[in-house]
Each structure stands twice: as C-alpha cells, then as structure tokens.
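Both complexes below contain chain A, partnered by chain B and then by chain C.
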Partner chain A sequence: MDLGALLLGVGRFLLSTTLILLLTVPTAFVVIQMELKIIAGSQLRYGPNRIGPWGMFQSTIHGFKVLAKEDHIPDQADRATFTLAPWMVYMAAAMSMLVIPFAPGAIAADFNIGIVYFFAVLGLSVVGLLIAGWASYNKYSLLGGLRSAAQMVSYEIPLTLSVVGAVVLAGTLNFRELIEWQRAHGWMLLWQPVGLGIFYIASLAEINRTPFDMVEADSELVAGPFTEYSGMRFGFFFFAEYLALFIMSGVMISLFFGGWLAPWPFPAELGGFLGTVYGVFWFFIKTYIFVAVAVLLRATLVRVRVDQLMGAAWKVLLPLAMINLLVTAAAVVVFNL
Partner chain B sequence: MRIPGFGILKGLRQTGRNYWAPKVTLQYPESRPTMPDRWRGRLDLIYDPFGEHKCEVCFQCAQVCPVEAIDMSGFDSEGRRIRYGMPEIYDERRDPNAFRRAGLAAEPMRNAARWDEAIDKPWLHGLIDGFGGRSEALVAIFSAVQERYGYLPERALHQVSDEMTIHWAQVFGAAGLGGFRLLPAEGHLVTVCDCAACRFAGGDELLTALSAELGIAPGDATDDGAWSLETSSEVAAGAIAPAIRIDTMVYGPLTVAQARHLIDERKRGDARASSPTRAVAGARKS
Partner chain C sequence: MTSDVKIPDPLELERAEEARLRSAAGLAPAARTGGEYSGFESVGLPDRPPETEREQELYTLDEGEMLVNMGPQHPSTHGVMRLVVKVRGEVVIDIDPVLGYLHRGIEKLCENATYTTVMTYVDPMDYLASMHNEHAPAIAFEKLFGIKAPKRAEYIRALVVELNRVFSHSLMMGFLALDMGGITPILYSFINRDEVVDLLSAISGQRMLFNFFRVGGVNFDANDEFFSRLGTWRANVVKTIDMSERVITDNEVFRARTIGMGVLSGKDAIALGVSGPNLRASGVPFDVRKAHPYSIYPELEFEVITHAAGDSNARYLQRIAEIKQSIHLIDQIVDKMPHGPVQAQVPGIIRPKPGRAYGAVESPRGLYSVYAVSDGGPNPYRFRMRDPSFISLQAIPKLMPGHLIADTMAVMASFDPVMGGVDK
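Presenting the complex of A and B:
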C-alpha cells in the first residue's frame, strides 16, 4: 500500500466521521421538533409556534438552553465515570451512524460486516446507561440503570435474530450489498414480514420508545439512570435517545424497505453525484416517515408493564425470531435462493 | 374476530386524524375569548388611597355566594378581628350580624322551617307560563313570587330553574341581585345598650319607652315578627350614650322622643315599601 492511498484513506475517514458527528445534532433537533409538533397536533394543540417560522427553531433553542444550564455533579458521585457515561451513550449512537447507508457513495464506513458492527456498537449504549446509574451514587439511578440494562439486553437478542433471516437471504452483512440485493429481488419487506414485525417491536424497546419507555418513564420515575444528570450531560443522553430513533428508522428502512431505493425502479442512468442526492432524498423521506410513525405511536399508546415487556421479549419475540430464522434458512436451502 | 394489533391501528387513526383536525388552543394575546356576560374576571380587593383594604369583612359577598366559595378574615368596621379557619368560616356566615349586614333577616335560623316551605306549584307553573317562559321575565316572576310569599322560597327558585331551563346558579344569582328576600322577613332588631355609660345617660328610660312603644319586653318579639327588642352592653362606645342599634345602624345620643321617631320612621317605611308582603306574612302567622 503506498502512502498516497493511505493518506486518502485517513482523510476520507476523518472527513466522514466529522460529517457524521456534525449530522447528529441537527438530526436530533429535527426529531425532537417532530416529536413536539406531532404529539401536540394529535392532542389538538398547536405545539411550539413562536420561535422561528412555524416555531421550527423550538427544539434548537431547547438544545442551546441545555448548554446554559448548571452542570451539577453530586458530591459522592464517581466523577470519572459520571462524566464518561453521557459521552459513551452519545458516541454509541454517533458511531453506529457510521455504517448507515444514506445513498450510493454516501456511507461513512462501507465495510463488509456493517450489520454486525451496527448491533455491536449500538449495544454499547447499555454500558453507558449502566455506568450512569452506578456513578450517580443514587440508588434510584442505579435501579434505573439496571432496569434499562435488563430491557435493552433482552431486546437485543430478538432484534439481532430478526435481522439474521434477511442476512441469510441476501447472503451479505454489508448494508450496501443488502440494498443492492433488494433492488434485484424486491424489498426485504416482502420476503421477511415476520422479521420486520419483530424488528420493529424490538427496535422500539431497544431505543426506549413508547410503549416500552420504562427506562425513563417521564411520569412515574424521575428520569431512570439520568436522575442526577443536569445541563449538557443530560442533554447528551437526551440527544442520543432521539438520535437512536433516527438511526433505528434508518437501519430499518435499509434492511426492509430498500434503503435509498425509490419505490419505483431506481433510474439506472442516475449515477455519481446526482444518484447520491437522489438516494439521500429517498433515504430521508422513508426514515422520517418511520420517525413520524414512532412519534405518533408515542401519542397513541400507553406504556406496557415491566413483566409484559420481559414476557414479550422472551416468550413471544424470541421464539418467533427463531422460527422465522429456521424457516428462512430451510427455504434458502430447499429453493436454493 | 379480534385481530391482534387492530386496536393500535385504530388508535393511530384517531391520533393521526387529530393532527389534521382544528386545534382547540387559543392563541391568547392575539385572540381573546368572548366571556359570558356574568364573567367578572379575577377578583381583587380594592384599596383606599391610604393603602388599606376597603373590604370591611362584612361577609355580604360570602352571604350571597351561591356555592359558598368566598371566605375571608380581617378586621370588620368596628375593629374586631374576624377569625377564619374551618369551623369558624361557617360560624361567621351563620352569625346573626353577618345576616343583618347582608340585608337579610336577623336570625334566619329561628324560622328555618320556612326556608323549606312547600309552595303552590301549579300557581307558579301558571305564572311562568303566563310570561311565556322567557328568561327576561325572571325579575317579574320573582316579584310575583315575593308578593305572594314575602320572600323567594328556595323551592320556588328550583321550580323556576327547572321549568325555564336556567342554571340554578344563574337563578340564584339573579335572586340575589337586589330587591328580593331570600329568607322570610323577620323584621327589625332593636338593641338598646345597657352598658354603664348608657344607663347613666338615660338608657333605662329609653328601654322602658321602646318596650312600651313596641309592646314587648326585652328579649321578645312582636306577634307578627316585625320587631324584636333586646339589650346588649356592646352597642357602642360611651361617647354616644345612650345608644340604640336598629338592625345594623347605631344611633346616639338619643332622647326618648328621638328613639320613638326612629321606630316610627321604620314602621312607616315598612308599610310603604312592602305593605302586601307584610299583610301576607301577617295573615299566614295568624
């Protein structure tokens, strides 16, 4: 390998990671704004409509307000881990964004085990939450951290297993190749409807969205593992949560809804930069549709109980995912797909 | 057949429709609600130029409040501390002085039975029919009822509310607006001061003269209930001895002739103002 290629690789890496990091905060703002407006709308309210045209800068102002707030660390807290936890949760979300295929040529890190990397890195946020709970020196925070760990670890299993069927069908762990496969064979939605259902439910639980938001049940618990956090440290958890919603929607459409593909056949002549723009357009359209659906679900559903949550993961979703995987694998072998 | 997840879809349809539905929020500073006519806004106490409350803790407002929502504490016009607190609230309201200050009969509980008096329902029904059941006729109907009963019985108000489909609170509020009695008339209470200063200045003669004038002994009431006479040592400070109090007004220093004149004035006034009432009330008593 010559030096030029190495430098190019390093430069490309630096550029793409920087772009991804720069993308995270505006994305969180957009998702939060959608949450504010859509929930308000479904409750017959207007929602924020004062700051900026149509109130569109409300979430941005919230974000900067968080910056201005006092950042308090409890006396007995373990300062090192206390400061580490929000960083960890946020970086888990931001790093998992590296493999998300926005468009052909717009993937920050297009490597061959992208799907494995994605689920591995996303799982790191559990560690962050657990650390946050432990470092706060507050038994309620600790309990909240344990709760979140229990929920997220048990949902990671059906979540990952539900994807394996798709991986077996497409024969690849690379997001880009998976989307190319979907262009040839039709969206994975048609091949793996059960996998999609399991993935959707499990992903809601994995990112602590309603109806599975026991980790930070706003009205019942104080704030779960974030109880002792304030200011921008809390803001990082908050942003990571909304970022995770965007990421999960993005991954879901990449896995099951054809990613950057348009609902009709992708124009073959569109290549290069124009193709990238076209792909980004469709990616964001689809992703934000699912973000909106998740927000609407939050406005609609009530929270499930903890025992229902655990029961659903281990008694329903896991066996279903197993059966789905088994049937898919058998079909691949029998029909030689 | 129950399809799993169908309820969630129905819920999503509802919330989704709500998103496009007209919103109920009122954009306050720009658009303002139209308030009902009887809306009084935020209640506040009025202060005099010296920064003192103008409220004299007279309990008139508490007295006429249909839902007993008003409560207060402070110093009344005679400088007495009016307490407040759970048991006292109602004591203060039921206090004869509170009733008198509110322009009601001195001791309404003395005649509590009449508050729940049975009324002539067909007659009232005919009366309301005669006015076509129009809400503008409320005052006229009240006048007719008061003419017949001498006051507005609660049952009559209820019947008015029911038959005219006007809210009870509005009927009660209109009845309390003025000119109508909500309790049977019990006449005037004359209190003669028997403190040392007043007796020295001629209070005893005043008491004897008034007793003879009204034909009743201290502590009694006339047969038609129009007059009561009593003594108290707290009518006034010694400066205006001898003093008497008629209902809420304190008079003094008085000669016997002046006291007689005051009583006569009231008698003439009553005869002028409510002769039918008085006649009906008297007739019912006998």
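Presenting the complex of A and C:
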C-alpha cells in the first residue's frame, strides 16, 4: 500500500469519527427535547416553552447546565474506575454510531461485518454501567449495576438472534447491502414480522427504556448506577442513554424499514450529493418516528419487574427468535431465496 | 496575631466527643473506615448495640445478605419514612420501617390549645384528608360539650368530607402508578385533585389546610361560587376519573405488577388493626359510616363496597369504587341539603364539664379517631389521635419478606400511607 492511500484512509477515518462525535451532541439534544415535549403533551402540560421558540433550546440549556454543576466523587469511590465508567458508556454509544447508514455515501465506516460490529460495540455499555455501579460505593448503584448486567446480557441474545433471520435472507452483514436488498425485495418488515417484534421489545430492554428501565428505576433504586454521579459525568450517562435510543431506532429502520429508502420507489436512482441528502432526509424522518413511539411508551406504561423482565427474555423471546431463525433458514433453503 | 489561631474542624470535635462518650459508656470505639462519609457496610446500622431481640435479629447479617437503607430521602417513600430493608440479592428478607422524621408533636400542641384552635393544628396531620382530620375532633368536642351542630352544618360537613375523599383516592391512583414507574397518571390525578381543591377553597377560603370545621358547625355557609363550581365539576367528574383510570386499570404491565402482590387476608388485616379501604379490599365489610354512624350518614343510601382478593390490585380497585360511591353520596347530600344556620351558639372560650369523649370518622385511609379528656379547663386535658396510615404501615414488614425490592414500593403505595399522619 502506498503512502497516499494510507494517508487518505487515516484522513477519512479522522474526518468521519470527528463528524460522528460532533453529531452525537445535537442528536442527544433533539431526542431529549422530543421527550420533554411529547411527554408534556400526553400529560396535558405545555412542557418547556421559555427558552427559544416553543422552548426549542431547553435541552441545550440542560446540557450547558450539567457542565456548570459541581463534579463530586464520593470519598470511598474507586476514583479510576469511577471516572472511566461514563466514558465507556458514552463511547460505546458513539462508536456504534460509526456503522449507522445515514444515506448512500454517508456511512462513517462501511464495512462487511457492520451488523456484528454494531451489536458487539453497543454491548460494551453494560461494562461501563457495571463499573459505575461497583465503583460508586453505593448500594443502590450496586443493585442497579447488577441489574443492568443481568438485563442487558439476557436481552442481547434475542436481540441479536432476531436480526440473524434478516441477515440470512439478505445474505449480508453489511448495512448498505442489506438496504440495497430491501430496495429490490421490499422492506424487511414484510419478510420478518416476528423478527421485528422481537427486535423492538429487546431493543427497548437493551437501551433501558420504559417499560424496561430497571437499571435506573427511580422509584426503587433512586437512579441506579448513576446515583453518585454529578455534573458532566452524569451528563455523559444521560447523553449516552438518549443517543442509544436514537441509534437503536436508526438500526431498526435500517434493518426492517428500508433505511434511507423512500416509502415509494421513485426517484429510482438519485445519485451523488442529491441522493445523499434525500437519503438522510428519509433516515431521520423514520428514525424520529420510532424515537417518538418510544417516548410515548414511556409516557404510557409502568415498569415491569425484574423477574418478569428476565422471564420474558428467556422463556418467550429467545424461543421465538430461535423458531423464527429456523423457519427463515428452512425457507431460504427450500425456496432457494 | 490572629494567624496563629487554628480553627478546629467541627467534624473532628464531634468525633472526639463521640469517642469520649463511647469510652465513658464502656463501648468499643466506633468503626471508621475514614473519609467524610461513613462506610458502605454500616449504612443502615444503628450506631449502638441492639436493644431488643427484634433489632438483634434484623441487624445480624448472614452470608450474602445486605442492608439497604431506603429513606428518609428517597423518591418513593411517601414523605420522610425510612425503611431498613434486609435483602439477599433483590429479594427482601426482612424490613423495618423507621418512623418519626416528621414528628411535630401535634397531640401535645392540641393539649395546649383551646378547643376551638385545635382545628388549626390537626389540619396538617394527614394532609390529603384535612377535612376528615377536622371532623373527628369536632365530633368529639361536641359530645364533650353537649351541643349539636345545625342540620345544614352537618350536610355541609358531609359534603366537604366526601369531596376530600374523592381527591385523596384519586391521588392514590397516581402515586401507585408513579411508584411503579408510570409518570403520566400522577399528572391526571393532580388535575382531578385540583378541581376538587378549587371547590373546597371556594367554600373554606384555603386550598390545603382548610380550617373549616368549628365546634358546633362550620366556618362558612356554602356560597354561590361553591355550588356553581360543584355543578361544573359534577358534570365532568365521572368522565375525567374514567379517563385517568383507563391509563392504569387494564394496563397489562400494571396488572402483572399488582395482582397477587402483597396479599393481606381479612383475618390478618383485623389482627393488625388495618381499617378503611385497605381492610375492605381484604373482604371485611367494615365502614365507620355504617358500623358506627355519625353525622348524617344514617340518612344517606350507600353500600359498603368490598373486594375479596386483598392484593394491591384489589386495594386499587377499592379506591376507584369508593370514588364513584362518594360521588353518589355527594349527589344525595346536595339533593337533601336543608336551609338554616351553619353554626350553633357556642361561647367564645369553651369550657366543657370534666369528662371524656371519642369521635371516629371514616377517613380515606381508614378509621381516624380522636379521644379527648376534659378537666373542666379551656383546653383538652388529654388529646389522642388514632391515625389509620400508622396502623396500615404495620402490615408492610409482615407482607414484604419474599417479595422483591421493586414490589416493596408498589405494595407500600397500595396502602396509601401519608407520613404527616403517621408521624403526627
């Protein structure tokens, strides 16, 4: 490999990671703002309406507020791991964003095992939460950290298995190729409805959203692993949580709802910069629809209990995902799809 | 000159004093792992040797067990209750409610007050049922003094008391959901409550601590604003209650979290002294309004509602049924309300003959009663109150072992305790 190609590769890597990192902050702001406004609407409140038009900059102000807060580390806490944990959780979310296909030509890292990479990296956040729970030297944190370990490890199995059906059908682990397959064969939603159902439930559990927010169960464990965190360290957990919601919705629409594809077939081939803009437009529309659905769920449902949650994962979702995979694989072989 | 003066650390002084007291009492020095906060292991442990067998049992930890201290500053202990929970993993082994963080000595304050001013002190006890708090001493003092409130006053009393019951129960629906992580029902509950509170402030002049009852009557007659607001409220209330109920009642997750949780049998409930909706949800048809009728309840038509299951869900459904029943009672009261005065002739300073009297009412949390003794002076010689939430809380340590931490909060909320009343 000559030096030019190497430099180009390094430059491309630096540019795309910087862009992704820069993108995480406004994304989290938008998701938080949606949460504030949609929940307010369903609770018959106005919600934020003072900062900016329609209170648009409320979450931005929240972001700056956590910067100004005192950063406090308990005396008994393990300082090294205590400070490491927020970074691990945040970086897990930010790194998994690298393979999100925003539009044709707008994928930070378009490589052949993108789906495997995504689930592997997102799973790292559980390590951060477990560390946070252990390092905080607080019993609520400890219980929350252990809950997060149990919950996320259990749900990762049905979550990943539910996608394998789609992967077998499309015959690729690359997000871009999977979306191109959907352009030719129709959205994966039509081929894998059971897989979609399992994926949606398991993804809510994986990112600790209501009704599966066991980890940060505020009426039981105060704030779970985040109890002892303050200032920007807490802010990073907070950002990562909302970022994960966006990422999960993005991955779900990429896998099952055609990603950047418009709901209708025209314009069939929109190349170049225009095609990228058009793809980004549809990607964000679809993703934020599912973010809004998750927020509405939070406004509606109560939290399930920890044993009910684990029971659902091992007794219902896992067998269902297995059967789904089996049927899909058999169909692929028999009908030579 | 001043630069030489070393200002001692107050924390060090406190520790030195503690060490001195400990050595004087013949105790071992307090275990300190260093640092500003005491150690992880000792959180929840009392800083003294156990005094009773029960304490010995609770604070002795086996392998794999841990004490979790919930409260007094915890998001869902309904005020300032503290629960010391012994857990093995997530399973509760033992539980010890520690009370007294909101103790204000209201009974003693009442003993130092005149009979008329007692009403101002009892208001903030059970702050979600202030009208009931005032009703029981009014009944007791009227017995002591040998007077009767006029008929219209009794009707107005029954009306405001039932209105209060509606908002108290409707808040319970929201708090129960909140303690399970549902964030919306509580807002609907507060909307329902606000409408009733506006009504009550139209008649009494205050939104929360009404100070409305008087010995021998009530403070104000029902005015036009009150009745016009009552009409508007009555036209919509069934719909709004149904609406907020629909978010919760048939919710699959809510049902899974409440059915079969914290089952209290009727026999146990009676043995523990639990009363009110919590007792009726265990299938025991005891209602003070029927069993020991007071005020105008004998003239009104209503049934004692019960639910057989005795679990959290039954306690919740019991409240909803009672809201509907209270609305039915309010209809009858408004229908039958006579004209006339609302205050009997009472001297400025009441001096009853020596004697004793007992007044009991059915508050939203159960049998709330007042026992007053007079020595002939201008203030009660003895004044005691039985608060139903205090008694209900006794059921928590009995029910919770074997359940999970998550259910501790949910079951506690289903008993609907109000710490203002528990700690007095």
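As a working rule, the second predicted complex is superposed on the first by the 335 of 337 C-alpha atoms of A that agree within 3 Å, B and C clash if a C-alpha of one lies under 4 Å from a C-alpha of the other, contacts with A are read in each partner's own complex, and residues count from 1 in each chain.
The rule we apply is simple: contacts are C-beta pairs under 8 Å (C-beta built on N, C-alpha and C of every residue); 3 or more make two chains touch, one makes a residue touch a chain.
These numbers were taken from a predicted model, which means no experiment stands behind them.
Once chain A is used to superpose the two complexes, chain B occupies space that clashes with chain C. Contact with chain C, but none with chain B, is seen for A:210 once the two complexes are overlaid on the shared chain. Shared-chain residue A:296: touches chain B; no touch with chain C. Touch criterion not met for A:116: it reaches neither chain B nor chain C.
In the overlay built on the shared chain, the residue A:222 is in contact with chain C alone; chain B does not reach it. Once the two complexes are laid over each other on the shared chain, residue contacts for A:38 go to chain B alone; chain C is not touched. Once the two complexes are overlaid on the shared chain, A:25 sits clear of chain B and of chain C alike.
In the superposed pair of complexes, A:138 makes contact with chain C only, with no contact to chain B. Look at A:74: by the touch rule set out above, it reaches chain C but stays clear of chain B. In the superposition on chain A, A:46 makes contact with chain B only, not with chain C. Counted by residues of chain A touched, the larger count belongs to C, out of chain B and chain C. For the contact definition in use here, the residues of chain A common to its chain B contact set and its chain C contact set are 42-45, 299-301.
Across the complex, chain A is touched by residues 33-37, 39-40, 43, 66, 68-69, 74-76, 90, 177-184, 187-188, 191, 247-248, 251, 253-254, 256-257, 404-409 of chain C. Those residues of chain A lying in contact with chain B across their complex are 38, 41-46, 293, 296-297, 299-301.
On the chain B side of its complex with chain A, the touching residues are 8, 11-12, 14-16, 18-25, 27. Those residues of chain A lying in contact with chain C across their complex are 39, 42-45, 74-76, 137-140, 143, 147, 210-211, 213, 217-222, 298-308.
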